[in-house]
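Both of the next two complexes hold chain A, though its partner changes from chain B to chain C.
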Partner chain A sequence: MSSSPPPSSAAASPSCPKKMIALRSSDGETFEIEEAAALQSKTLENMIDEDCAGTPIPLPNVTGKILAKVVEFCSKHAEPGVDDESLRAWDAEFVNVEQATVFDYILAANFLEIPTLLNLTCNVVADMIRGKTPDEIRKFFNIKSIFSPEEEEEVRRENHWAFE
Partner chain B sequence: MAFPELSEDEIAQIISLTTPQDACNMSAVSRHFKSIADSDSVWTKFLPSDCENLIPHISPKKSLYRHLCDHPVPINGRNVSLSLDKKSGQKCFTLGARDLTIAWGDNQNYWEWIATPESRFNEVAQLRSVWWFHIIGRIETSMLSSGTNYAAYLVYRFNGHRQGFDRPVKSHVCIGSEELDEGRSVTLDPREGEPRAVRERAHGWMEIEMGEFYNENGDDGTLVCSLREVVEYKRGLVVEGIELRPMY
Partner chain C sequence: MRTRRGMCYSESDLCSEKMRAAAAAAAAKAAAGGVVGVRRRRRVDSIPGGGEDAALLRRKRRRCPPRVGGGGGDDLFDALPDDLVLSVLCRVAGSASSPADLVNVLLTCRRFKSLGLHSMVLSKASSNALAVRAHGWCDSAHRFLKLCADAGNVEASYTLGMIRFYCLQSRGSGASLMAKAAIGSHAPALYSLAVIQFNGSGGSKNDKDLRAGVALCARAAFLGHVDAMRELGHCLQDGYGVRQNVAEGRRFLVQANARELAAVLSSPSAAAAAASLLSTRAWLAWSSPHAQPPQQQQQQQQQNHQQHPLRHAAGTGCPLLSDFGCNVPAPEAHPANRFMAEWFAARGGSAGPGLRLCSHVGCGRPETRKHEFRRCSVCGAVNYCSRACQALDWKLRHKAECTPVERWVDDDVDGDGDGDGGEHDGVAGLNGDVMEES
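Take a look at the complex of A and B:
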């Protein structure tokens, strides 16, 4: 029985090492991300083109804690050979975090222009809103209303048509 | 980071992923959320993309949405009307009798065309008498909302001389030819004690479900909705049209 080595499944061959991009968070932490993963972000894509010659790209709007997770998300989504169902399950786990963190992800996704992450996180919040009454929404998101009871009643009356 | 601290664009994007009812609930949460939840950037997403310019003088988009739910708009030379399903914003169509193909409809011995204030259309079709009863409504699936389960309904009533509709009629709602579709039997005028699938509507009309169709992408071609019964002698039916609306 002949034994031949299994075909290489690496995305890059030894002669073309994967290019790594360095990022620096607002609180001074540095992260490395593969170029393919970084290209998920339109913001990073533009910055890479402008040639940064190895110096870390500063991201003043994103903390280290969040940037670590964003790097994880982009790397996962750049991975070859992941089937849709597994990716969806992974995404669901990724956003299974506390509310404040989801909003941090939204801000980061917006700043870094990552459509997949933005879509995922906005849908998470939309799911939290669906089917709730105004009072439930306030409680869930800890929102203070400055509406007087009369103003609120007026709004409900205005919108009554949508519930008939 | 808390919800109200997101930008207006981000909040609008989130609300537009919910439903019109949810947007109305968001509007009652606080003044800050009200201005965003009522904004055009949210309600444009609830309106079908091809409906935005139907009635340009109604503004803002939220008012346009509400108007289209309650006031069917004539299209196609006024023989078809369009409105929106309130909960989802999906499109509802009523094909008026003049838009339908009615066998012998041009022959005054069999069918008359009358104006009645109880109809949104200029004319409705009134059956004098016929054996060969065959009515067909057609609509392009490209006009329907995608990802939507539709039901078709005959909108009708009887005048004083009804006869023959206490027997079942064959109904089809399908793509392409009726001959290839199994269809179902419906009874427009069931006798006392018989099961009654007829429902009352406004202005003295009734409706009966003819069948269902799931519109995935709107690229299936022409949807055909038909009723046919060619054996019994029939009289007294008045047809306003065939209506298609989402079902849940």
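Take a look at the complex of A and C:
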């Protein structure tokens, strides 16, 4: 944007207007995110440090739908004065979505290097896995590549001690 | 800059990518001396990519086995590259509540199996994930623990070390595994090694090294291990392996009690149990609040309230200062101790001819030579591997059943009654806290 002030590498002081970074998703949607929130993402932080954040940053690996939510997540986590309890509750609500979306979050968090979101989403998937039998896991995640009968027998035999 | 794997892979690229990744993982596993000797008849995964073989793989992939579980959804994990699947599996391993939780993952599909056995995942396995039961012990379980230990899992090192040292009688390798865990600052490993040093386990009584035992105990105590603190406290009080310092010893004993109580109160299930314990026991030693005039009653109640969590049956002053602290429920045994208790119970309650077990049931340690453990000097009916076990068992159980018995002179004494056992000899404290060398 030619009208915006030259990007500064330091964090915005309270008296200045909040610096916004523009992000463009793979399907062409543009989103604005505060710099403080953008710093949650190491990828974006690097770009900001290197003064590349003047024009909208293209993110070819993230769709608009997911990017919107990710921006929401980062903004929430950059908010000052939110206590742990309510943040945790908010996080729980945030990942209360269908599985495919959680996986999309994981990929986005990995690409943008957002450790908090990555931790959160990986834990969610781990919770989905833990406690299920192999059949249940396969059905839940639609896992297609199964063992041949001989392999299955072998693996069961090798690990039967865990079920004693 | 790290390469990013996007989501925009075409189907064939994804296949070959996955095959390459699986092949790399399988190759790495094979190079590391892979545990599971699975002979795959269709060696799809183990051929590194390249030329004709890669083409063969792609053809095989298209001839995939029929889709199971409904044709609708896509395999969600297909979209994730291996490092993210590893991330997820690490968390599963770290929060598993039993070995089954982790093994169920391995049984799910080939990719999970090869990634699940990756050293990064195994190194994060929680102690519950490694809690092998004695009746389930077999070569496979042994291999699994070894694999985890080799991956750098200190819990596995410790557990396998204990099993090898005490149950399989393989002293050298057991001790070295425990040492590996100890170097990784694993407090129970440090404490177990201290017990071995104090008792000269696995060797003769001349192999005792009290100073080494104290040093190990001290390290474990500084990491917060309650039993080690108790042991260290007694050693300091008695000048056993270290210069005598009664005040310092007392301090450690008090700290051990405080820590034990804090641990109980901070754990939700144990706190509930403790609360019910405290509320049902009668008020002891302090005068009844009802017999007092109001302002004195308030003061008394304050005093009572302050001492409420610190009640002790002996009622002599603040129980934290007593050697045997507060009436807390028994701490949960470590899986390694539980394994040993089960192992020896299945073998008739003994480790061999004339070898006794530590009478504290949560410990499970056996003697490695005759008369290695110390006996309660009052009744002589129970014996313990360490002062800490003796203290804990006294408070949990033995206090109620210990009665002095007429004892005749032992004809099978270890032979150093007035050596380092001297200061413990004979004098039975009010709470029976003295042990003597049997």
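Here is the rule we use: the second predicted complex is superposed on the first by the 145 of 164 C-alpha atoms of A that agree within 3 Å, B and C clash if a C-alpha of one lies under 4 Å from a C-alpha of the other, contacts with A are read in each partner's own complex, and residues count from 1 in each chain.
The definition used in the following text is that a contact is a pair of C-beta atoms (placed from the backbone, for glycine too) under 8 Å apart; a residue touches a chain by one contact, two chains touch by 3 or more.
Please read all numbers here as calculations on a predicted model, not as lab measurements.
In the superposition on chain A, A:F111 contacts chain C only, with no contact to chain B. By the touch criterion defined above, A:I146 reaches both chain B and chain C.
Residue contacts after overlaying the shared chain place A:A162 against chain B and chain C alike. Contacts of A:T55 after superposition: neither chain B nor chain C is touched.
Of the two partner chains placed by superposition, chain B and chain C are both touched by A:R130. Taken together, the two structures place residues 99-100, 103-104, 106-107, 110, 118, 122-123, 125-126, 129-134, 137-138, 141-147, 151-152, 155-156, 158-159, 161-164 of chain A in contact with chain B in one case and with chain C in the other. Per the touch definition, chain A reaches chain C in the complex via residues 60-61, 99-100, 103-104, 106-107, 110-111, 118, 122-123, 125-126, 129-134, 137-139, 141-148, 150-152, 154-164. The touching residues of chain C, when paired with chain A in their complex, are 4, 6-8, 36, 38-42, 64-65, 67-70, 72-77, 79-80, 84, 87-89, 91-92, 95-113, 132-133, 135-138, 140-141, 144. Every residue of chain A that touches chain B in the complex is listed here, in rising order: 99-101, 103-104, 106-107, 110, 118, 122-123, 125-126, 129-134, 137-138, 141-147, 151-152, 155-156, 158-159, 161-164. Residue ranges of chain B in contact with chain A, taken from their complex: 1-7, 10, 13-15, 17-22, 24-31, 33-34, 66, 69-70, 86.
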